[in-house]
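Shared between the two complexes below is subunit A, which has subunit B as its partner in the first and subunit C in the second.
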Partner chain A sequence: MEIPYTVKPRPDTGLYNGKLGIWLFLASEVMLFGALFSSYVLLRVGAEPGTWSMGLMNITVGAGNTMVLIASSMFVVLAWAELKQGNLSGPWLKPRNWGYTNWKWLTIACAVLFLAVKWSYEWPQKFKHYDIWLNDAAVLHDSFKKGYHETASHSSDKGTKGVSVKEYVEGFYTTRYFKEPSDGSDGSKAKFKDAWDSGTLALSGHINGYEEAMIDVQVGQWDANSKPGVTRDEAKAAVIAAGGDAKQALDGVGLVFPKLDYDKAKRMEYLLKQAGFKVNLSVADYEKVEAHPWFWRTPRVNEDIGGQPRVRSIVLGLDHSHIQDEAGNEVHQEIEIETRHISRLSAYEPKHSTFFGIYYTITGLHAAHVFGGIIVMLYNMLPIGLAMWHKDRERFTNRIETFGLFWHFVDLVWIFLFPILYIL
Partner chain B sequence: MSDKAEEIGTQETVEVQHDEHEEHHAHSFWRTYIFSTDHKIIGMQYGFCGLAFLFFGFCLIATMRWSMAYDGQAIPFVGPLLEALLGNNVAPGGVMSAELYNVFGAMHGTIMVFMGIVPAAFAAFGNYVVPLQIGAVDMAFPRVNMASFWAFFFGCVIMMVSFFIPGGAAQAGWTSYSPLATVIPTDGQTYWLIGMVMLITSSLLGAVNFLATIINMRAPGMTWLRLPFFVWAQFITAFLLLLAFPPLEAAGILQLMDRVLETSFFLPTGLVVGGQDVDVSGGGSPLLWQHLFWFLAHPEVYVLILPGMGIVAEIIANNTRKPIWGYKFLVGSVVVLGFLAFIVWAHHMYMTGMGTVISAFFQTTTLLISIPSVIILTCLLVSLWGGSIRFNTPMLFALAFLPMFGIGGLTGLPLGFNFSDVALHDSYYVIAHFHYVVAPGTIFAIFAGVYYWFPKMTGRKMSEYWGKVHFWSSLIFMNLIFLPMFAQGMAGMSRRMSDGGATYALANPDNADVTVGAFSDTIMGMNVSISAAAWAMLIAQLPFIINLFWSVKHGEKVESDNPWQATTLEWETPTPPPHGNFIKEVKVYRDPYEYSVPGAKKDFSPQSQPAK
Partner chain C sequence: MSDSHDSPDFLQYLIRLFYMVGGVLVAGTLITVLIDVLFHMPLPMASFIGLSIALVKAGFVVAIFMHYKWDKKLIMITGTMVLTFIFFAGMMGLIMWTEGDVPRLDRAEVHVSWVVAAALLGLVLPASFTFLTIKLLSQPAPVEAAVPKAKRVAKKKKR
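This part shows the complex of A and B:
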């Protein structure tokens, strides 16, 4: 059985099967990304003023990645062109001239570079960069004053020197949140004023440190009915065997595992509850931690532990503030925020806002396409894929051509993505 | 000299046969029947799975009907089984809990649409029949075809597994509207979304394959207007799947993000669930989900019905022994239908407050799309005129399709107008309407197709007697199930009520007919009669199931490769068709339905018969 038109085009349609198939597949891909772009438009148009969290992307990095992808699209065509001339070639093939494999390696290198920039730099950088919203406008204004007073009044930046804190803050907030093309600058000013007065603006920056609870775990009564046929000693032994590391503490009621860190305390609570003990957690003290945490969310910070929050305060290094430390290096001004004033906090992860949600969804799906493309390209470089070249050169060449069509599409998607997520 | 040549020729033939024999041996059972790339085997795999899921989905609703008729009472036979399988908090004492009702309701819709009818009507018949009818050796991409089936199978496994996880399967209806679908705490919805992504992937691979096959693999002489109508119907169906499914895939990914990574694409600002503020950013749009969902799900309605229309057209032409009336009208209509199907979706959303201008637009397009549908139905109906009709089982099902689909279509008009939809929205009227389209419509067409093409697949006919028993009982019970639902819906009974509306009936102690908000005894009594008819319908499928399996070995053997004396190419192949289908090269000389050509010796002139 021989399937017709796998290599030669069918005369009346002018297409071989593979090319027809890839065009149809790309039509469905257009609908897939089209639906996501439409969602982007609908969500953005429907966003409340001040919630479309754009203007944070590093345009230089994005533009660089765009060039990398465009270059890779060129290389994939050159690889195909070499095949058309019968020029497979490559470092370990003879004759050792420049040919298909060289261009293909360059394409793969570009694709890998693209993903490396995205997955090792662009995304992780965002996962420890926070927005913090407060529940009290007065506290927010205080924080702004503490954070930006020095920068605003002593800045060497042109145009910002000697301005008030409010004007300084407005300068970078309106370019980020209120940059709606349909609005005039007056509209943006009014929206900023509303947000400033009502205190819905977020403090942005890196968390440089925080005070986290040291927890006392208090052991209560043992419930004899919790597990039939188990004595208190056996329950105690079970806790110790499972890693509860304080033998004497279990001998009496009301004894305490003092000042455990959160994870240990939670584990002890779990073990004790499993064994049938009543457990009470309370905050003994707060410990200062210097760290740049990833992926913090509101429930983690304000989790209630015996009436106290798990984190008491956060030290935030504010964006857009520039001061000099003792050594003369330029650093960000740090402010301390008590968590009782925090209504919500989020790293720049998908959960942060609909903008970041759609940003990660579309770029993630695009990256998945790039990743799939890399796998297909590697297949076509390995002996298993190259076997077709030795069997049927034209068919292999067609295969690279159809891959090239796919690759151009992936490139094109990025060319649409880049402006709507980085620039506009 | 000539003797020698003959000798060599014979030897060669023997050798060739020997090779084929060896090749046949080289393929193990697994490669031949399970991981096959042959379009006919894949078609039968799809067919078997599709029919099995149709039956399973029917069993789910048959169980739910007990809850509607006798709420709070233990389900006989099935109840203890449910309790043992799913746990006694789900079906305490064999009584269906409201949560289980929701699970079964959501999964009934999902299974019937995505795991039952699409695989059976589109993938199974499309795979088996389309390459044969266009004179191709196989699909354009046999391995993609296999991938499509296994993606489908994997998706089905995920869906079935979700029944047994804690909390059970998805509960938010087959439409999975957010925010409800997002905030339900059980994991069923997440499984549903992952399963759907697999099923969508399968459909996309299948659609690309069908389109490429029909465009590029037609036999010489098989011009576009010589394609049997079934192929045209499958062609447009494949386009609908190709272009309408990706937006649902996008929507599925977004809802999956909402559920797993806590984004809020479909969650509005200030959402409160169970008295608690939800810790999300807000700013999403519940309407966005509905737009993306119905952008697929309305074209999906045509995905469900077009293959059925194609099957019915084939069978009517064959059994009236005359050409289909208005073949070119049919083709034109189905193309127009394919286009219009993409711009009617928001008529499912009149009640969402999207505005009168948008409603007016979608109302207009909705009424426009009824024109090609009516043309198709009229052409098929007029085709009967003056024919000498053979009333065999496939023909009976095909004939029943016409008035049943007619009822389904015409009762859709009040739903297409937004002023009358406001009253009927989400009521049992809607259920009756779309079930008339897909149950005695598409499913009857599937039955017709099974009876019609069974002899080509196996070389034996299914029993006519039991076929007729199956047909008449199904026809009667089908109408006993769905006709009363129109009345229930117009009385105001809402869908998705596990007690069949009893809560509302209690609002009126005297059960007087005039009280607003309560149902009369007649309307409530229909719950029982409908349920009884549904269970009878379940029993009425037993003759078909037994007939199907029994006839594979014991059915009446067919005398020729063309037992129905049909004109289309699939009957030119050996029975059953071997790998590669046709023994000699096929050429097409005629239109698809040249029955009773004046002056011809027989009353049918196959497409491959040269014109004189």
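This part shows the complex of A and C:
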């Protein structure tokens, strides 16, 4: 069956059908993104001062990504213009003779680069960047002093040699949280002072290490009734599988598996409980771990193991602190925070705050559009898509034009996202 | 784009235009970043400037890249987009009104007439949107459409 009006404009609309279709689709997209944009604006305007943590966006990366997307948007329209002139592809070495495929590959490259920056840099960077709120203002002030004393006293940003720690913290905190002077220019200062005095400021940085519990697993009494259906032999087998002496265990003598790490201890606890044993966990010792944990949350850090926390302390490399190590490299000052002082700990994940919630929603939806665009572009580059070009050139050109319209819309969304997310 | 614009000369002109718009977009981004880095402004001012630049950039993309400049006489596109924006603006207006109507400690309550007006607007906007869309879409069938065109030419000749 012949599909009507793929090339010729339909007389009543003045457009070929595909183009009308894509414009209607774009209208629905306007509604979708518009709803998210206005949600963002409402949330931003309604946010209490000091809760909109956008000052930490990396504007250089954001601007770079904007350029990449702008370039891709230009390439896609050039690809269409070449098709319109009948140039399918040209030699790579002669840019003047480039055809559709050359420009289209460039477009795809830009789109992939855009996603790669998001996927491998922007988002993962945030997932291992932590904010830590403390439950004691005195401890917070102490930590600030430890972390920023050296940086602040050598600070040359303000021309003077050295400011107080509080002034230094105020400097970067107000640009992150209190960007809007809500009531005159002194508003942010007052808000900062409140937050400083009440200890609601967060310490932010990267967790460079921590002290994790080494757990003793003590096997207790075996109770035949606690797990009906588990025989004595099966219980024995479970203890032997865990590496213990079954005779001892079933006689009621407390068997101890000493100094296991958390995962092993928890697995063993589960196995033994399944077999009908009472199990007692206790912290034998703490082990220093140098690692950059991902996806840590407060409950994990504070998990109660026989009355002790799972993690005793955290080594935090503080943002905005610059000191020299022995080799003369600039590194972040590290401070140790005891977990009993921590009231909340969160990476810059959606759960962190309203800002990050809507940030990931909008940028994620936009990235999904870019991803879909890449798939369509690849289809139009492969023989299966190019078959249309050999069959009906004008129809293929129109197909590329409609895709271009979609791609420009994706670019358009980013044009608005960039100032909203990175600058306002 | 309509067929009259397919000549090679016009395409060359278009390509030059595309490069120019690309330059404008890059410049716009740079200006936005520069303003943010160099000046510290209150939020309303920063929003105004940032969004104005974004709007100019968006205008260029729509007008040139999406060739809207040459398509704007096509009522199907213009109508669709204008209606979408009207509908969307109405919805946004409603949200703003409801937001404004939430009583807060430090703010006087709005008069009840505003709430009634907002509710009415919420009825009128989708209704008018539906009505206009149906009206737009129910145009003469494609087969007959060729005839009025000839008639129009004939009318012109008479004059």
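Convention: the second predicted complex is superposed on the first by the 385 of 424 C-alpha atoms of A that agree within 3 Å, B and C clash if a C-alpha of one lies under 4 Å from a C-alpha of the other, contacts with A are read in each partner's own complex, and residues count from 1 in each chain.
As a convention for this text, a contact is a pair of C-beta atoms (placed from the backbone, for glycine too) under 8 Å apart; a residue touches a chain by one contact, two chains touch by 3 or more.
Please read all numbers here as calculations on a predicted model, not as lab measurements.
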- Task: Sticking to the clash and touch definitions up top, decide whether subunit B and subunit C on subunit A clash or fit.
- Result: clash
- Query: For A:Lys351, is the partner it touches subunit B (first), subunit C (second), both, or none of the two (neither)?
  - Reply: first
- Task: Kindly classify A:Gln221 by the partners it touches after superposition: subunit B alone (first), subunit C alone (second), both, or neither?
- Result: neither
- With the two complexes superposed on chain A, say which partner A:Ser198 touches: subunit B (first), subunit C (second), both, or neither. neither
- Which partner does A:Ala81 reach: the first (subunit B), the second (subunit C), both, or neither? second
- Task: For A:Pro299, decide between first (touching subunit B), second (touching subunit C), both and neither.
- Result: first
- Check whether A:Leu20 is in contact with subunit B, with subunit C, with both or with neither, and answer first, second, both or neither. both
- First (subunit B), second (subunit C), both or neither: which does A:Pro419 touch? second
- Which of the two partners, first being subunit B and second being subunit C, lies in contact with A:Ser120: first, second, both, or neither? neither
- Query: Counting only touches as set out at the top, which of subunit B and subunit C does A:Met31 meet: first, second, both, neither?
  - Reply: both
- Task: Would you please give the residues of subunit A that touch subunit B in one complex and also touch subunit C in the other complex?
- Result: 10, 13, 15, 20, 24, 27, 31, 34, 42, 46
- Task: Mind listing the subunit B positions that touch subunit A in their complex?
- Result: 137-138, 140-142, 144, 204, 207-209, 211-212, 215-217, 242-247, 249-251, 253-254, 257, 261-265, 269, 279-281, 283-285, 288, 291-292, 295, 579-580
- Task: Report the residues of subunit C in contact with subunit A in the complex, numbered from low to high.
- Result: 1-2, 6, 8, 11, 14-15, 18-19, 21-22, 25-26, 29-30, 32-33, 36-37, 42-43, 46-47, 50-51, 53-54, 57-58, 61-62, 65-66, 71, 73-77, 80-81, 83-85, 87-88, 92, 95, 99, 139-142, 145-146, 149
- Can you check the complex and tell me which residues of subunit A touch subunit B? 1-5, 10, 13, 15-17, 20-21, 24-25, 27-29, 31-36, 39, 42-43, 46-48, 51, 297-299, 344, 346, 349-354, 356-358, 360-361, 365
- Query: Inside the complex, what are the residues of subunit A that reach subunit C?
  - Reply: 9-15, 19-20, 23-24, 26-27, 30-31, 34, 38, 42, 46, 59, 63, 66-67, 70-71, 73-74, 77-78, 81, 84-85, 179-181, 401, 404-405, 408-409, 411-412, 415-416, 418-420, 422-424
